[in-house]
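In the two assemblies presented below, chain A is common to both, partnered first by chain B and then by chain C.
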Partner chain A sequence: MSDSALRVHPNTGDVAAKVIDGEAIIMNLANGLYYSMDEVGSAIWEMVEQSRSVAEMAGTLEARYDVERATVEADVQRLVGELLDEGLVVTTEEIPDAPAAHEPAGSAAYAAPTLNRYDDMADLLALDPPMPGLGTVPAE
Partner chain B sequence: MTPPSPTPEERLLLELCRRQPRGDVAAEASAASGVDAFPALSALAMRHGVHGLVLSRLRELRNRGVSLPGTDAEIDETLAILRRQAAFWDMEQDRVLAGLARAGFHPLVLKGGALRRGTFSPVERVMGDLDILVERSEVDPVLDALTGLGYRSEYPEHARAEFRQHHQHDRVAHPRGFLVEVHWQLTRPQDAIRLDPAGFQARAVTLEPPGAPPLRVPATEDTLIHTVSQIEQESVRGLRRLVDLDRLAAEPELDWALVTREAREAGLHGFLCVSLRLAHVLLGTEAPAPLLDGRALPPRARGLISAFGPVGRVLDEPGRGAVVDRHLFRLWGARTDHRKRAFRERITGRGDSLHWVWAGEEGPEDAAPEPSSGLGFGLKLLVLQTILDWKRITRRVPDFWTLEY
Partner chain C sequence: MTEAPQGRFARPELAPADEYVQLDRAFGKAWESHPEQRHERWFTFADRPIRIRVVGHGLARDIFRAFSHLQRDPAPEPALTIALFDEGETGVGLPGLEPSDDLNEHGETYASDDGFVVLTARPQTRTALHRVDRDLVGWVADHGKLTQYELGRPLHSELMLWHKDRDVQAIHAGLVARDGQGVLFGGPGGSGKSTTALTCLKAGFEYMADDYVGLQALPDGGYDGHSLFCSTHLEPGHLEKFPYLRPHAIPGRLPREDKSLVLLSDVLPDGLSRKARIRAVALPVVVDAPTPRIRPATTIEALLRLAPSSLILLPYAGVAAGEFEKLSTFLESTPTYWLELGRSMDEIPLRIGEILEKHT
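On to the complex of A and B.
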């Protein structure tokens, strides 16, 4: 299988994720690490959830952003590789029923997607409210 | 008349909490601006439990060119943390509800867990724990299912049993910091206010948030009444629940007749009026006039509540005088004779609202009266009431029921 035909989907046994306000937050329940991806990364994650191939993802992003096909396909391949390395996704042979949506050509500014890794989830949850030294949120 | 005067930061906070900030938000920002404006506003928003909403609003207004405290970096960094925290809560809430569903339980999700999936965005409405309502008979099986999901009680068994006697919920924690409260009632056993959990369950609706399991939540009317009961329990301190109330009151299909009826049955009607008036004064909340002007309350109760300065209480430090405030509001807000009599017995020491718990009775009506235990607390309340009566007679105080900002 070529890299362009590679399909992955979330490693649902160990991983939970949400996309909120254009940021994907992915939690590895097995080891407590968590990850974030910005706008382009979160768009890729939403397509990973639909088991889109690397080529399909690149095609969608090329239509949405002002970016060369070769650049975006290389970025998607790199990011998918990182997601696989971190155990957040697994490869799949499953082809989604619905074809990838055709988006009207867009020219949004493109920023190469990055996968940010954090290991302070317990600290973050303990910070409710999340800014230390500024009092406490009233209990529910 | 001179209304209570919020600080410039408080005025800005109130503007940012409105459904539609008014045109003078920039002026409020200008009045509040200073070297420490953003940290001060953040701290204030956090104290009131509305920091997610305020920061989201700051970013939204900044994108529209309105000059406000805080740099882009300050706002974005803080919002990023809130976004991650919101995502964790959403994921955990989904995991817990899916796990309980697998075990055959479909609890009602209360308060923040419900509001942030419908009325607010997850970032706007912070939550500190997941509150779920189940049938009394389901409590232990649900707690067992939560144990299977990694939750444990933080308390020794004897303390937990004691806690369950005097509260309407049990609380378990996950080692990663998540908290779940399993409720079987909506008010504490000793509360004069009684919400009807069976009614909440019967009127429940199901939300289907995208990418998440279905969620059973109370009807909007029930959520509104529950919110009012929480405002009462917290002695009107803080803005978070008033903001909840404001958004719920704005729901187009809201059945005010049902809200009023439920409030009367719960013994909350007076406090519904107080809460809605507060939300109206501070946030511009609209509601039927008879509720907003407190006409249903006896004239003396209206006057005493007004003299007590509820607006200042909202903006006051949490906890300062809150217990006394709560008792006074209950006394003045009580409509029916039996509730008022029960409350008077409580504050004058002629009855202990918990004695039926200590005696192991089914409910307060089954228990024998307790002997008098003194006048200490009740006497303090009566002295305070007398002072407020005197203040009302001798000084002009802002009329809460007609006050507008």
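On to the complex of A and C.
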């Protein structure tokens, strides 16, 4: 598989994430590390959640921003590599049912996506023993 | 097949559900055989009546203190019955159940296959929470060896799970209020949650917490914050800022207990409160400035301050993603501010008052 055809999706077993107002926060609950990404990075994360390929993501961003295709595709590949290295995503061969949304041509200013990493929680030990996975029970 | 307990604190021959039955029988034996050491009080946890029964004078004193601000009159039906007995005080134990003197051990937790019974084994204690029967029964080897953490936050993980089962999310935050209208403080350890909450308490605010708050979504889209414990843990330098707390400080005994424990019910019992309606979130941050000031924060900034320590420290696995989503929803619907603490602690309550004036 070429790098352009690579698809990843969130590692949902360990990772929780949220995109709000063009910013993303991603938490790796297995090791205590957490991350943030600004506008372009959060747009990429939303497409990762749809299992879009690197090429599809680059195409969407090229249409939205004032950026060369080669530049944005290299940036997406780099960011996806970082997400894989951090264990935040896993590769998938599942192709989404719906095609990538048509993106009207735009010329928004482009800034290369950055994955900001925070490790201040990683060494924090829970003082309680961790519980095993538990289902729900009827409360009252 | 039911998962059998294993590990240094467990009795491998018994599954969690059987251990619950054994603990319940042993408690009954202690309760019947030591009527002179029976203690029963009622408390309110997350708006629900809770009955706590203890056999053992010393254990009762230690357990009730952290919840004393939540005490209430008896109710017809408890939403949870907690039943604890002290082997050292009653002589009642369980065959094969030995305490560990290595108090640095955090312990282990096991659940029955159906998840109904959760067994928590710590060096000096063993508890079994029956999530369906609403019973929490526990053995304490010697209340005199309970850790500072166990004295300040008794049954912490068990109660976090009980709250979660009732859609009350325990988050790492502080909460103070005026006339029931609250400001929640979010941030990791050392960010200034305790400083802010304790300064507000001294200034006449209602105090719910400086560390853990039960967050409950309401049908009208708002949120209540519930107090869990009336304890605060302060580093030595931090304690110096609050001279009125110093006479009540309980020093730690273990290497990891580098803070002093203060049970605020011993100091300012009238200032403690059970719950408040949350009107805003403030994110304390230590800055070198003459006076404190507030400025708006984005939702994502608030989430970055609140979520990591709230979720990573959750004692129950497999639910954090859902809790993260709930926390996000809460912050998206709640005004959020940075609270730059500065050097003038006395002015912190003024800034909190300004936030409340804007949103109540």
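As a convention for this text, the second predicted complex is superposed on the first by the 120 of 140 C-alpha atoms of A that agree within 3 Å, B and C clash if a C-alpha of one lies under 4 Å from a C-alpha of the other, contacts with A are read in each partner's own complex, and residues count from 1 in each chain.
In the analysis below, contacts are C-beta pairs under 8 Å (C-beta built on N, C-alpha and C of every residue); 3 or more make two chains touch, one makes a residue touch a chain.
All values derive from a computational prediction rather than experimental measurement.
By the touch criterion stated above, A:Thr12 is placed in contact with chain C alone, chain B being left untouched. In the superposition on chain A, contact is made by A:Ser36 with both chain B and chain C. Contacts of A:Ile20 after superposition on the shared chain: both chain B and chain C are touched. On chain A, the surface touched by chain B in one complex and the surface touched by chain C in the other have residues 16, 18, 20-21, 23, 25, 27, 32, 34, 36, 121, 124-131, 134-140 in common. Interface of chain B with chain A (complex): residues 39, 42-43, 46-47, 49, 51, 78-88, 90-91, 94-95, 111-112, 121-123, 126-129, 131, 176-178, 181, 211, 234, 237-238, 240, 318. Listed in rising order, the residues of chain A touching chain C in the complex are 12, 15-16, 18, 20-21, 23-25, 27, 29, 32, 34, 36, 118, 120-121, 124-140. Every residue of chain C that touches chain A in the complex is listed here, in rising order: 3, 79, 106-111, 114-116, 118, 120-122, 131-132, 134, 149, 156-157, 160-161, 165-167, 188-189, 298-300, 303-304, 307-309, 311-321, 324-325, 328, 332. Of all residues in chain A, only 16-21, 23, 25, 27, 32, 34, 36, 49, 121-122, 124-131, 134-140 touch chain B in the complex they form.
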